[in-house]
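Following this line, the structures themselves.
Next come two complexes, and both contain chain A; in the first it sits with chain B, in the second with chain C.
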Partner chain A sequence: MDLLDIQNIKKYFKQPWGINYALDGVDMSIKEKATTALVGESGCGKTTLAKTILGFYRPDSGKILFKGEDITDVKTNNKLVRENIQIVFQNPFLSFNPRYTAFATLYEAVRAMNNISKKEVRGFLVESLNSVGLGEEFFFRYPHQMSGGELQRLSIARALINKPKIVILDEPTSSLDISTAVNILKLLAKLQQEALLSYFFISHNLKLVKRIAHYVFVMYYGKIVEYGLKEQIYGFPRHPYTKLLLDACEYKMKDYPASGSKHKQGCVFREICPHSKDICGNEPEKTEIEPNHFVFCHFV
Partner chain B sequence: MNFWQQFKRNRLAVTMFRLLLVLYVLAILADFFAPYHYDDDDVMHAWAPPTRIHFLDIKQKVITPYINPYTFSTNEYYRRIYSVEKNVLIPVRFFVKGFKYNLLGIWSTDIHLFGVENGRIYLLGADDRGRDIFSRLLYGSRVSLSIGLIGVAISFSLGMIIGGISGYFGGWIDTFIMRVVEMIMLLPGFYFLLALRASFPPEMDSRQVYLLIIVILSFIGWASLARVIRGMVLSIKENEFVFAARALGLTHFRIITRHILPNTFSYVSVAICLSIPGYIIGEAALSFLGLGIQEPYASWGNMLVLSQGIVTIEAYPWVLAPGVAILITTMSFNIIGNTLRDVFDPKRKIL
Partner chain C sequence: MKPLLEVKDISVEYVGEKRNQALEKVSFDVKSGEILGIIGESGSGKTTLAYSILNLLPESAKLKGSIIFKGSIITEFKENKLCYLRGKEIGIIPQDPAASFNPVFSVGYQFNEFLKVKGICKDAEERLVLMEEALNKACLWDVNKILNSYPHQLSGGQLQRAMIALVIAAKPSLLIADEPTSSLDVTIESQLVHMFLRLRDEMGFTIIFITHNLGLIEALCDRVVVLYQGQVKEMADKASIIAAPRDEYTKSLVVSFREVGE
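Presenting the complex of A and B:
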């Protein structure tokens, strides 16, 4: 059984200019002790999915199961979600209360679950800081006195402090420089091995995803277009959008308009797709072309 | 570096802060510092000018401070012209016995800081009934200095909590609260105050009036603050640290009070210091119009009733002393407010 099962999640936002189909029937599963990556361009609904899993948005329809238990409505299973699913955000500078020192931030996180006094918890907090590569000298620093990389480490420490099962990494490296980003990724890999964590890694950078992911889901404007094992996606990409993303990493991509899908029906990628035909107006079937490798396209 | 160390860097603000501290100590211990009771009148000294205290005798030798007693004659407009009898010396005594009072409401005593055994001492002159303006100023400061603090405490806790709830939860709660706030803001404040005050019996006890003024002023005051706080909360709650706090399972109450509202402090600290003068002036204005604290009780507002005529001000300018006190107090709060704004901004803490 998968650790987290996302079944046909839909979330639409009503806007003055029409409906934004942020999530349009997303099916996903997050495997235990592995990294599941979700790749897609900005605005395609990756962060919306993360916030829906955490219960910040209530989905219009669909189900989210954690180890078989329904957590779609967070209110019913609040404790289960909070204990087991944590998140690391994209922008480390906004992820911390500017009035809290590193110590206060971590203590607040511990206190949310257990009732321990500040003195008892101190050694534990030092340990948790050390585990993400921060020394004790960071204990009483405020967020504005730390660099982006240090803050992102602190953010990871905060997410891991209550020993969750799943950590959602919402583009954790995209606002960091490349050397810091690699360090953070190494740290994440190390922590995963130590604590047997499952990562849900959201990114738009396929090169970084290649380093860390075991499973890759490719998303385009509210829909999953292709998913499979990392080797399958990188070795034999079948959906034209996946190919385009991989080309983009090599700067080989052609220009295309960065507009979202306006269609509820049919393939979301058909306006940009070079192989687009009339048949693309119909909903593409999910096709299994290899074991574990699924593509939503009419031409596979 | 903590807040206090930062605050201390601004000399003016520290001076004003100390001045306020002195004023508050004077207000709390008014019985001890005031030579006369607030209602201790003496018709023979009506409109007496401030007393000059002498430290040197005729031979320019330092002796214990003394004053000369007043005599007066009337001029052609029947106005008293005071002069002093230079050859009579009345020594100013410290820790003298005067009227009985309860210090801090606990110890019954009759010791006062200073006073004279015969004659009268008027540090800031006397009013129309020969009451000591200095003593009345001290007693009046109890009303004027506390009304701001209590009023602000009520209206700001209301405004922050209601504004915080409104902004954080959004939806129909937000809509409902904001419509209520708009209705309260629609009321023209001062006239509403007058109308409400007028609807209560005029012979009310001064203590009741005091509480009533606080309640009315706070009731008007929280609305505009709630609106600003709600706007700030709307922007703060979209920050990722709020989502992180929610993901950790903190309660809504804790998120609002510990993570969102503290981030409005830089605004609130300024707003508090800037609105305390509003309460002081609001009370003074009511009392000035005879609707606030009633005679014989003293407040800075009803002491200023004397200065309603330009002729009085011209003849007895010391009746403006409460006005100067109001000016100093409100200015102090404003300056402290501006300094606090700088101190509370966490991004300025670089040094």
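Presenting the complex of A and C:
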């Protein structure tokens, strides 16, 4: 059984100019002790999915199961979700209270879950900060006194402090320099082995994903278009959108027609797709082209 | 042939509560028709360098050294003469497009005003054609929607491309792009890389491209300047920097780039 099972989640937002189909029937699973990555361009619904899992948004329909238990409605299962699923946000500068020191930030996180006295907690917090590579000099610093990389480490420490099973990483390195990003990825890999964590890694950068992920899901405007093992997605990409994303990472992609279609019916990618035919007006079936590798396209 | 821009021993110091040496004796030159990449991590002085070329630094910054553009020493220019250069001769694409448009005017109004004030095009109808051409060059096809929108109604990518269109409409001899793609996702980034290459090949633009991403340098630039803590660490052709970096910092940069890639 998968650790987290997302079944046919739909989330629409009503906007003045029409309905935004942010998530349009997403099926996904997160495996235990592995990294599952979700890739796609800005605005395709990656962050909406993360927020829906955490219960910040209530889906219009569909189910989310954690170890077989329904967590779609967070109100009934709040404790289960908060104890087991944590998140690291994209922008570290916006994810901390500016009036709290590093220590106070973590203390608040610990207190939310455990009954632990101030005296006992100190050793615990020191250990937690050391595990993400923050030394003594950082304990009493405020967010504005730390750099982006240091704050992102603190953000990871806060997510891990109550020993969750799943950590959602919402573009954790995209606001960082490349050398800092590599260090953060190394840290994440180390912590995963130590604590047997499952990561749900959200990114638009297929190069980063290649380094860290075991499973890759490719999303385009609210729908999953292809998923499989990392080796399958990088070795034999089958959906035209996956191929396009891989080209974009190498800066080979030259032209990309104006923003994509947001059709309710049929293949979402059909307006941009070079192979588009009339049949694409119908909903593409899920096709298993090799074990574990699924594609939603009429031409595979 | 004489270089288009020569930067000689530029030092910039921010004077305040704490003194901060942002640039220290930076020298390089830009030849006509090339794309020069400037790479460095956050805080290495890349943006300070871009703004010092146009003397747009804040008052707390003290600039020493000389910058020679088309044979004249522009560091000695008075403000009104510099004003003429800005936009018309040297265009700059800032990092954050949302911060560089005025939120209370439509994009079209600001674009039109820029062309009018700079005296690039006197006739109102010609201006409209010019704007449409420039937007198309920057991969924006829905011209009317873009021009009639206010900045908050457009996405980051659209706004950045609108800003690029505005800058290239004036056909400056030198284009400074200060991390134009770092807030955009890979699909738009890839398009813009090819747009910059087209600008150089088809219209003969000279471009200074500032970035922290070695991948972009590899795809786009002819020569590279490596900046670290305000100093030039290495300056060479793209191929030799990536294949055989000499400086310690450049080596670590190339290593971390490869680590992400493979």
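One rule holds in what follows: the second predicted complex is superposed on the first by the 296 of 300 C-alpha atoms of A that agree within 3 Å, B and C clash if a C-alpha of one lies under 4 Å from a C-alpha of the other, contacts with A are read in each partner's own complex, and residues count from 1 in each chain.
Here is the rule we go by: a residue touches a chain if its C-beta (ideal position, glycine included) is under 8 Å from a C-beta of that chain, and two chains touch if they have at least 3 such contacts.
Note that the structure is a prediction, hence the values are computed from the model and not measured.
Within the superposed three-chain model, A:162 lies in touch with chain B and out of touch with chain C [touch as defined at top]. Once the two complexes are laid over each other on the shared chain, residue contacts for A:119 go to neither chain B nor chain C. Residue contacts after overlaying the shared chain place A:41 against chain C, while chain B stays out of touching range.
When the shared chain is aligned, chain C comes close enough to touch A:205, but chain B does not.
Once chain A of one complex is fitted onto chain A of the other, the partner contacts of A:75 are absent, as it touches neither chain B nor chain C. Contact with neither chain B nor chain C is seen for A:14 once the two complexes are overlaid on the shared chain.
Once chain A of one complex is fitted onto chain A of the other, the partner contacts of A:179 are limited to chain C, with no touch recorded for chain B.
Chain A uses no single residue to touch chain B in one structure and chain C in the other. By the touch criterion given at the top, residues 239-241, 243-250, 258-259, 262-263, 265, 346-347, 349 of chain B touch chain A in their complex.
Contact residues on chain A toward chain C in their complex (touch as defined above): 41-43, 148, 177-182, 185, 204-208, 210-211, 244-245, 247-256, 258.
Looking at the complex, you find that chain A touches chain B at residues 51, 54, 56, 78-79, 81-83, 85-87, 89-91, 94-99, 108-109, 112-113, 142, 144, 155, 158, 162. Listed in rising order, the residues of chain C touching chain A in the complex are 41-42, 139-142, 155-157, 184-191, 193-194, 212-216, 219-220, 252-253, 256-257, 259-262.
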